[in-house]
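Right after this note come the structures.
Two complexes, one shared chain (chain A), two partners (chain B, chain C).
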Partner chain A sequence: MNGLAKRIRRFRRRFTWGWFFTYAGMLVLVGFTALPLVYMVSTAFKPIDEIFLFPPRFFVRKPTLSNFGDLVAAVDSQVVPFLRYVINSLFTTIMTVVLTVTITSMGAYSVDKIKFLGRKAIFRIVILSLMFSPPAAQIPIYMAVSRLGMIDTYWALIVPNLATPMYFFLMKQFISQIPDSILESARIDGATEFRTYLSVAMPMAKAAISTVVVFSFTANWNNAGGSIIYITKQAMRTLPFAMSTISAGGLARAGAAAAAVFLTTLPTIVVYVFMQSRVIKTMAFSGIKG
Partner chain B sequence: MRKKRFLTMERRDNYKGYLFAAPWVAGFLLFFLYPLSQSFLLSFSQIRDISIFQFAFQGLNNYRNAFLQDVNFVPLLMGSIRNTLLNTPIVVVFSLFIAILLNRNLRLKGLYRMGFLLPVLLGSGAVMQNLRGNAAVVDFTSGMQGASSGIESADLTGIGLTQQLTMMLGPVAAGYLQTVLNQVSAILWMSGIQIILFLGALQTIPVAYYEAALCDGASEWEKFWKITLPLSMPVVLLVTIYTIIDYFTHMDNSVMVYIIQVSFADFNLAYGSALSWIYFLFVSLFVAAAFLLMRRHVFYMGDK
Partner chain C sequence: MGSMDEAATSRIRLLNERHIRRQKRRTQLTGYLMLLPYLLVFVVFIIIPVIWGLVLSLTHYNIVQPMRWAGLTNYIEMFTNDDLFLTAFRNTLTFAIIAGPVGFLSSFLFAWVINQLKFRNAFSLAFYAPSITSGLALSVVWLYLFSPDRYGFVNNLIIRTGIIREPILWTMDPDSIMPLVILISLWMSLGAGFLTNLAGLNNIPHDLYEVGAIDGVRNKFQELLYITLPQMKPYLLFNAIMSTVAALNVSDLATAIAGFPSPDYAAHTIVVHMNDYAFTRFELGYASGIAFFLFLFNFTLGRIFMKLLASDD
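Entry: the complex of A and B
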């Protein structure tokens, strides 16, 4: 009792209208960005009559799992088991993310920390290509993929997505904050360049790595384009493709589609939540000026 | 090991550099630069036979058509430029503001951060399209949204939430609310990464400066203008450029939508490439302008 009174008094002393508005404003904005997520989750559990209710309701009244049943039914009628799509998606996305992080960080590290001829030129070209709108290049990319004989292989879903200028740029911005003197001292102690990169520079660039992991995972996990363009075998296509066929089922499949959207978003959120604490925490460390 | 002794320091650095950069550069050349150069060639030509990728040189015809014949392109381009010019400053200021708030000792920090990054996670993918699709299914009776908001804001609010509010509140109140919501969401949806970049910058500012300012009796306002802002100017520049590019090359941008439509729905690849290159030129003009305008205010702290 006494403790509570004390708490209230302490709260009163610290309370100002400025803080009140800060918190209120933040909560409103966050609530606003969270709306689509909440809507998505609630729709996934809506029975079919609530999905088509007019006027529509935001929250679900009678939650049910029937949409997931519909999803299984919708998917079972397809030639390829649903799990196959999930595995395809997981495999190509994880490969893409791992390889992207590896080659991007190596490239960015070399451009920023190794003094070799032409590094400035590379960086300038990267900056310029950031501004280009990619859709027009899609057909030439297809030509390149097909000439390399990668059509109908998993490589077609992985390799073209690896060298993204945006991630290179992000990575380079972070790596340039690592003081040269630390790397220099590692080299003087006899570390090879690769060792310096792996054991000294990379731990200090964790924030950049986590950021690139989150972005590249999200982008590739959600990308249906590749498996439509490069893949002709149904069994090698990915989850977003399967999803688009489900939602193409029209009104009858609306419930199944909502469930599929919910299930497909989950991994993205999980990856983000897993990485986010690192993103921000390590940012504080990686930013230390030498 | 033996061989290395004959290499000069400089040469060794060169080899190391090439070795490290090689995988990325190879991927970049093969799947970015080469397609880009192809599309550049394509923009000067006309497709003869798409199945064997044969095209005929046509000179500047495509470029001429874009400005003189195409009734859609120039208005769309102007609209896109206006939109970017209006929104970029708002996004930069807004995200700096939010980042400063997030950098303080607030309760539930993680929740806010998650909240502001959500649009980045959800907005880029099939999920958003699907939500939009669902909204379209739900909303088969009202044409209100398309009528009252421009192409882009309608796309950004997407999810069909505004229509739902319209159902609950009635058209008049909802009309105002919708305009406000469109604006707010358009900005929120575009500023996730910017907030993260600013947060990173703010955390690199040494606390000692603020303590010194505190001893000298500076107010919060003065601290912001004399310490926070000048020291985060490099990131302000970075964020400005990022925002400009993001606005111009966003998949919902009306010019991008038009280019995709021309190239793939109408299958006029050559013309689509020409449009892309014109667009690219405009975007780089704006980025260069932003860079030149802000360069005098940017200074770098320390050794970099």
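Entry: the complex of A and C
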């Protein structure tokens, strides 16, 4: 009883109308941004008669898993089992993310924290390349991939995506916020430059790394382009490609398509939640209260 | 005594200098080696393709016939003989002028507010969720919500309330296509800038706020103005550039919503135009010209942002 009264009193003291409206406003807004997602989840579990219901209904009445069965049946009926697409996607995406984070953070650290000739010029060129529209370079990139003999290999789905200027720029902006004095004290303690990067700078750049992981996972997981352009073998194609063949199936496959969208989206949400919780944790550990 | 001391110190200094020089050289070497993997991929898959694209833009090339030198013909053609390009340019500008600044400002505002709320993890997930999902996958959902018949969710809702009798032709009426594309694109693209801002806000040392409080910062607004915004400059610059690039390159979403060609070319953007020339007509020279023009335009805007938001380099 006493505890409750205390809590109410504390709440009263903290409560202001300004915060109340902020929370209310944000809830409405977040409701708007989450709306189509909720719809997507709900549709994935709708039986076929509810999908074509008139007037349409937002939430599912009698949830069913039949759409997922339809989905697997639709994709599986081809030569390649459904699981193969999932594995292809997982393998190429994880490889891309890990390699991207590694080479980008190393490069950004060296450009920002190690004094060597030409580093400023190199960073200028990276900034410049930010402004080039990716579709514009598609044809020359295809030429490069084919010249390097990467057509019909998993490399074609990994290597061309590794040097995204946007991630380099983001990483460099973060690393430049790390005070030089901290790195200097590590160097005085006898740490090599690489050691300083790995054990001092990287833990401090966890927020940047998590952000790049989320960006790069999302981009590569959802990208059907590489699989269409560089791969001709059905067994090496990725999930988004398989999904696009389902959506092309028209109304008869509307349920399967909804299930497909739901399944494709799930891993990215898991990655996001996991990485974001790490950001918050890091902050708590480094003594910076959020 | 004195001379011996001097000799010893100068010897030590010499050794020290040599040691420092050797260490410096080793550090520089590490620097180059650490940059090398990125640089390699960057040069092969970005720099060379971009230069190759510039060369292509100065030629007539359609894969089948041999390449012919064109000089600036492609660029002149664009502005004097291609009405559709001018339409695309105008549409892209309309889109960018609204979606760019609105996206930039609101992604900061929402990150700033959400960062101060309880349950901010839940809030930020709900806010970032649209960006997580692939645009094309979700456009199925949007097409259903804004379906231009009675089955569409939004139409159904408005008709039931009695405001209108006939369904609004969202994706078919040239007047409503662009606003719809802007709305959906804002909804989908806020997340990237939002996430960057959130990470940046988390990176501001907490003691800065305490120092600020001692120095006479009174309210949230002053805190935002004198502490948060100056600290956020690098991230704001990043977001300004990224939202410009994204806005000027809008294409997939426009075709997913309005189809290709869109009614009255209302959703015909520069990149849609370029893709048309590159991948259906295979006029690669002309397509590269469009791409390079877009790059120059992007670049000019980027320079302006850098002048406005530059910190050191």
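To be clear about the criterion, the second predicted complex is superposed on the first by the 264 of 290 C-alpha atoms of A that agree within 3 Å, B and C clash if a C-alpha of one lies under 4 Å from a C-alpha of the other, contacts with A are read in each partner's own complex, and residues count from 1 in each chain.
Just so it is clear, a residue touches a chain if its C-beta (ideal position, glycine included) is under 8 Å from a C-beta of that chain, and two chains touch if they have at least 3 such contacts.
None of these values were measured; they are calculated from a predicted model.
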Practice task
Using the overlay on chain A, decide if chain B and chain C clash or can fit next to each other.
Solution key: clash
Exercise for the section: Using the superposition on chain A described above, determine whether A:69 touches chain B (first), chain C (second), both, or neither. Expected result: neither
Practice task
Using the touch definition from the top, say if A:180 reaches chain B (first), chain C (second), both or neither.
Solution key: first
Practice task
Determine, under the contact definition given at the top, whether A:123 touches first (chain B), second (chain C), both, or neither.
Solution key: second
Problem - chain B versus chain C as contact partner of A:81, first or second or both or neither - result: neither
Exercise for the section: Could you say whether A:149 touches chain B, chain C, both of them, or neither, answering first, second, both or neither? Expected result: neither
Problem - Which superposed partner A:210 touches (first chain B, second chain C, both, neither) - result: second
Fill in the blank from the handout: The shared contact residues of chain A with chain B and chain C are 22-23, 26, 29-30, 32-34, 36-37, 39-40, 43, 54-56, 58, 102-104, 106-107, 109-111, 114-117, 119, 122, 125-126, 128-141, 143-144, 148, 159-160, 162-163, 165, 168, 173-174, 176-177, 193, 197, 207, 211, 214-215, 218, 221-222, 224, 240, 243-244, 247, 257-258, 260-261, 264-265, 268-269, 272-273, 276-277, 279-280, 283, 288-290
Practice task
Spell out the residues on chain A that touch chain B in their complex, using ranges where they run on.
Solution key: 22-23, 26, 29-37, 39-40, 43, 51-52, 54-56, 58, 102-104, 106-111, 114-119, 122, 125-126, 128-141, 143-145, 148, 159-160, 162-163, 165, 168, 173-174, 176-177, 179-180, 193, 197, 207, 211, 214-215, 218-219, 221-224, 240, 243-244, 247, 251, 254, 257-258, 260-261, 264-265, 268-269, 272-273, 276-277, 279-280, 283-284, 287-290
Exercise for the section: Spell out the residues on chain B that touch chain A in their complex, using ranges where they run on. Expected result: 10, 13-21, 23-28, 30-36, 38-39, 42-43, 53, 98, 101, 106-107, 110-122, 124-128, 130-131, 133-134, 137-139, 141, 158-159, 161, 163-164, 167-168, 184-185, 188, 196, 199-201, 203-204, 206, 238, 245, 248-249, 256, 259-260, 263-264, 269, 272-273, 275-277, 279-280, 283-284, 287, 301-304
Fill in the blank from the handout: chain A partner, complex, touching residues on chain C are 26-28, 30-32, 34-35, 37-39, 41-42, 44-50, 52-53, 56, 110, 113-115, 117, 121, 123-138, 140-142, 144-145, 150-153, 156, 160, 187, 190, 192, 195-196, 199, 202-203, 205-206, 234-235, 237-238, 241-242, 245, 248-249, 251, 271, 274-275, 278, 284, 287-288, 290-292, 294-295, 298-299, 301-302, 306, 313
Problem - Interface residues, chain A side, partner chain C - complex - result: 22-23, 26, 29-30, 32-34, 36-37, 39-40, 43, 54-56, 58, 102-104, 106-107, 109-111, 114-117, 119-120, 122-123, 125-141, 143-144, 148, 159-160, 162-163, 165-166, 168-170, 173-174, 176-177, 192-194, 197, 207-208, 210-211, 214-215, 218, 221-222, 224, 240, 243-244, 247, 257-258, 260-261, 264-265, 268-269, 272-273, 276-277, 279-280, 283, 288-290
